[in-house]
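Quick heads-up: structures coming right below.
Below are two complexes that have chain A in common, paired first with chain B and then with chain C.
And then the complex of A and B:
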């Protein structure tokens, strides 16, 4: 359930960029990674490390709340700096530029050993409530699950509030017709920048949750495929509908969970090794079919009381 | 731009001597592979107006089709190349028929998202069919040719199979593509369709057929690029996706939709990537910046140039000369490209 919750946070963050504003962010994995690494660096206690591990920047031993705020601030700041130059680009150029910048950030994370621990990543990341509930892994997981659910509720409420506000209407206006919105006197560039940064902040928060949940993070977790998976969730659930994208994230995780357990069934023992590939092939076909036949997803975007911008 | 490269090269060769020539040659070889990938991608963009993320996977598919013929069917790699070209051309046409034709009216982003779905599907199909291990073609390894040597120590070398053959194949293909685009009826019809689809349709071009042919050519070029990459490095499922961003960088530097710009961009990306290596090694020295793993950062050079071009010249270096070279009066088309034929 906890991975599903992290997916849901990412999907909510992407929904404000892609679902509401129409910004194709190809670098979700990068903002997720920045959040995860910032939180990990702030939370870890530093040496002693196991002998194979050469260490990383850290030793600040901050509580999760501070680390999460730091992760959100760092992801937002990087998003802001990246967006300033490239936000003026057309949608497809923007997609490629963000994907390229995500690769740059992944290269830095993989190779800047002093900062991030290199390919080994960051280890010994603490969990926020372990000192109160003891070391029982199931109880510990339960506390993280409650934390994730609480964060989803808070983030959902905030995003729902701001996207139903006049601000959110401007974003949808930009998505539907940029020039008309510009003609109405809205600073399209500035609104886009705000939406992009808000989305990146939410992704940074998801990264902080990931690092405290897994206790260990490494660069391999942030490949471009994880970016594309979030798009599948958002498009499946319903772009532009916050409830829909959370549903999409949980459905994606449910599909993941069921398909990884299929190999234990006697009927599937012969193809157990092929199941992971077949699963992703299904996801690929599903994405194409969704785009072709149901682009609005499962839950349609709700139209407000305002006249639709057409 | 070539002047800039020459200046950078001259500056670097002052520091490193003739060694920099080696990096330049490596850059030309890598760049020529990017050129093949980038021109195909650019042709599709010119006509369908969306960024096809599945192009990297088409390269992987081509590389593995040649692998199928070469390793499973014990054929010569040249026959593998021919088989790969046909298989990937058919794949390109199938993608157009099954997916992208239906999305033509829906704008660039719907098609882009669909191409991501195809990317996920194809990469896992390849891993399912051929496994995830890193392999290579069955071909004779030749010794490096020494082009320049100083006191018996080789200074400039090139491998006849991995380097020289790649350069020859891509040069021939670039020339053929140029002749095709400029002088053949199909090429003219392609340029007309890319320039203005409605006008092309109105003047009697069978736009549907022209688009199918464009996909076939893009697929063939992607397959050749994939096989050349497989020969130069190794054959692995991530082969295409690993270079997709460089190919995109090349296309963007040249200007999306401009095959000639993509050729220029491919060489710029390849050379920039290789020439950044000595610079990064210098940055890695303890007395300079003691950057750990300096050469791992060489991809960044290509992306930096791409972002710079996007900011300074968003239309790309070949902006304005999209695909039309010269207006041809009295363009006569054979039947298969006009309505009612083919």
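And then the complex of A and C:
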């Protein structure tokens, strides 16, 4: 449940960039990682560390709310700085540039040991409600689940409000035809920049939730290619529909959850070794079928509603 | 909109020695011309003469290599397109560029100027002003849909419109910003005769409202009968200009474009 919720946040962030504005962000993993590490550094207490662990920047012991805001601000700031030079690039080059950013960020977090703990990552990340609910792991998980659901509701509500506004209408115009929207008198660059940064901020928040949920984060969790799973969720659920992409995230996770457990069922013991490959094949086939027969996804984008004025 | 006293002969829209190259091709090659206020001015010339390039350059969609553009006496080359729209210029595309997955009325609404709701802070700080301005824009959009006769399609996706309807959408959308000068790139190309007549009547009406129409057109009947003034473009510069009768009689124009 909790990973599905984190995916849903990522999908919501991507939806404003890709679903609404048509910006192909190939570097979701970068903003996710920046959020996760920023939050981890802000939340963790300092030493003592276990003997094998050399430490990282930190010791600030901030509450989750501050850490999440910091994560959002940092992801937004990096998004803003990277967008300024590359936002004028054509769509395909923009995708490559952002994908490269994800690799750069992963290299940095792997190697900047003093900052991030290097390959070991950041450990001993606290959870926000553990001090109130005691040490029971199930209760602790439940509090994080509630936190994630709450955040999804809030983020969804905000994104829904701004994307259904005249501001969001310009984003969709840019997605449909950038030059035409420019000729109609919109500052296309500025709108693209805003949409990109808003999306990055949401991805940063998802990262903050990840670090508090896992308590330990390391570079391996931010594989640049994991970006594409988020695209599958957005396309599956319904690009441009905020409700759809949340649904897409949960469906994707459900598929993942079921398919990884199939090997334990007696009926599948004969093919247990092939199941991981079959999973990927199934995802691939489903994606192709979806794009062919229902490109708008499960929940299509809603039509703009302008009831006649009285 | 401040109405500067523009001398008739200076022109509301002028270009001076405009040059625009694409690689080795000089699409505009020292183009100097002037469009007078409250006229229907036709721009004609053979294919590749630089007509559409001129329109795109005036609108700031292309940056000129050199030369100047003046709108109401003020130099505007180098200004971003959205600021030119703000000042009162608008353009339609030769091939309609409807925003496909937006509805017809959304295509118009998005084209309105000064929408408070396009600024994120206003959505939180001034929701009432946002709503009020949206209502105004919607009223104007509905009025324009009535003007071009698309009211019954207002909630249809723009991609589902026919070719002629897309032309009407293109025209009405350009009017949302209430432009003083309207650049129309072949407004009746590929449109059936009945609709052509309707569009020409609308253009006439826009002139009566005090707007200046600058249009590219290949249909000589349209150009000769509807335009007050004609500019002939050839190889990126002005070859001739004058009232329809004069241009028709110009030997150079006949040779370059009209044919025998």
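We adopt the following convention: the second predicted complex is superposed on the first by the 305 of 310 C-alpha atoms of A that agree within 3 Å, B and C clash if a C-alpha of one lies under 4 Å from a C-alpha of the other, contacts with A are read in each partner's own complex, and residues count from 1 in each chain.
In this section, a residue touches a chain if its C-beta (ideal position, glycine included) is under 8 Å from a C-beta of that chain, and two chains touch if they have at least 3 such contacts.
Bear in mind that the values here come from a model prediction, so they are computed numbers and not experimental data.
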- Would chain B and chain C fit next to each other on chain A once aligned, or clash? fit
- Report for A:99: first if it touches chain B alone, second if chain C alone, otherwise both or neither. first
- Query: Regarding the shared-chain residue A:176, is it in contact with chain B (first), chain C (second), both, or neither?
  - Reply: second
- Task: Could you look at A:194 and tell me whether it touches chain B, chain C, both or neither (first, second, both, neither)?
- Result: second
- Query: Regarding the shared-chain residue A:65, is it in contact with chain B (first), chain C (second), both, or neither?
  - Reply: neither
- Note on the structure: Rounded to the nearest 10 degrees, the Cα-centre angle chain B-chain A-chain C in the superposed arrangement comes to 80
- Task: Please work out whether A:45 is in contact with chain B alone, chain C alone, both, or neither, and reply first, second, both or neither.
- Result: neither
- Query: Does chain B (first) or chain C (second) touch A:167, or do both, or does neither?
  - Reply: second
- In the three-chain superposition, say which chain, chain B or chain C, touches more residues of chain A. B
- Would you give the minimum C-alpha distance from chain B to chain C, in Å, for the three-chain superposition? 8
- Which of the residues in chain C come into contact with chain A in the complex? 59, 61, 80-82, 84-86, 90-91, 93, 97-103, 105-106, 109-111, 113, 115-120, 123, 130, 134-135, 138-139, 142, 154-155, 157, 173, 176-177
- Per the touch rule, the chain A residues reaching chain C in their complex are 161-162, 165-167, 169-170, 172-173, 175-177, 179-188, 191, 194, 301, 303-304, 306, 308-309
- Message: Residue numbers of chain A touching chain B in their complex, please.
- Response: 22, 24, 85-86, 88-93, 95-97, 99-101, 103-104, 107-108, 110-114, 118, 224-225, 228, 231-232, 235, 274, 277-278, 280-281, 283-288, 291-292, 295
- For the chain B and chain A complex, residues of the former touching the latter: 50-51, 99, 102-103, 106, 108-110, 112-114, 116-125, 127-128, 241, 245, 248-249, 252, 256, 292-293, 296-297, 299-300, 303, 306-307, 310-311, 314
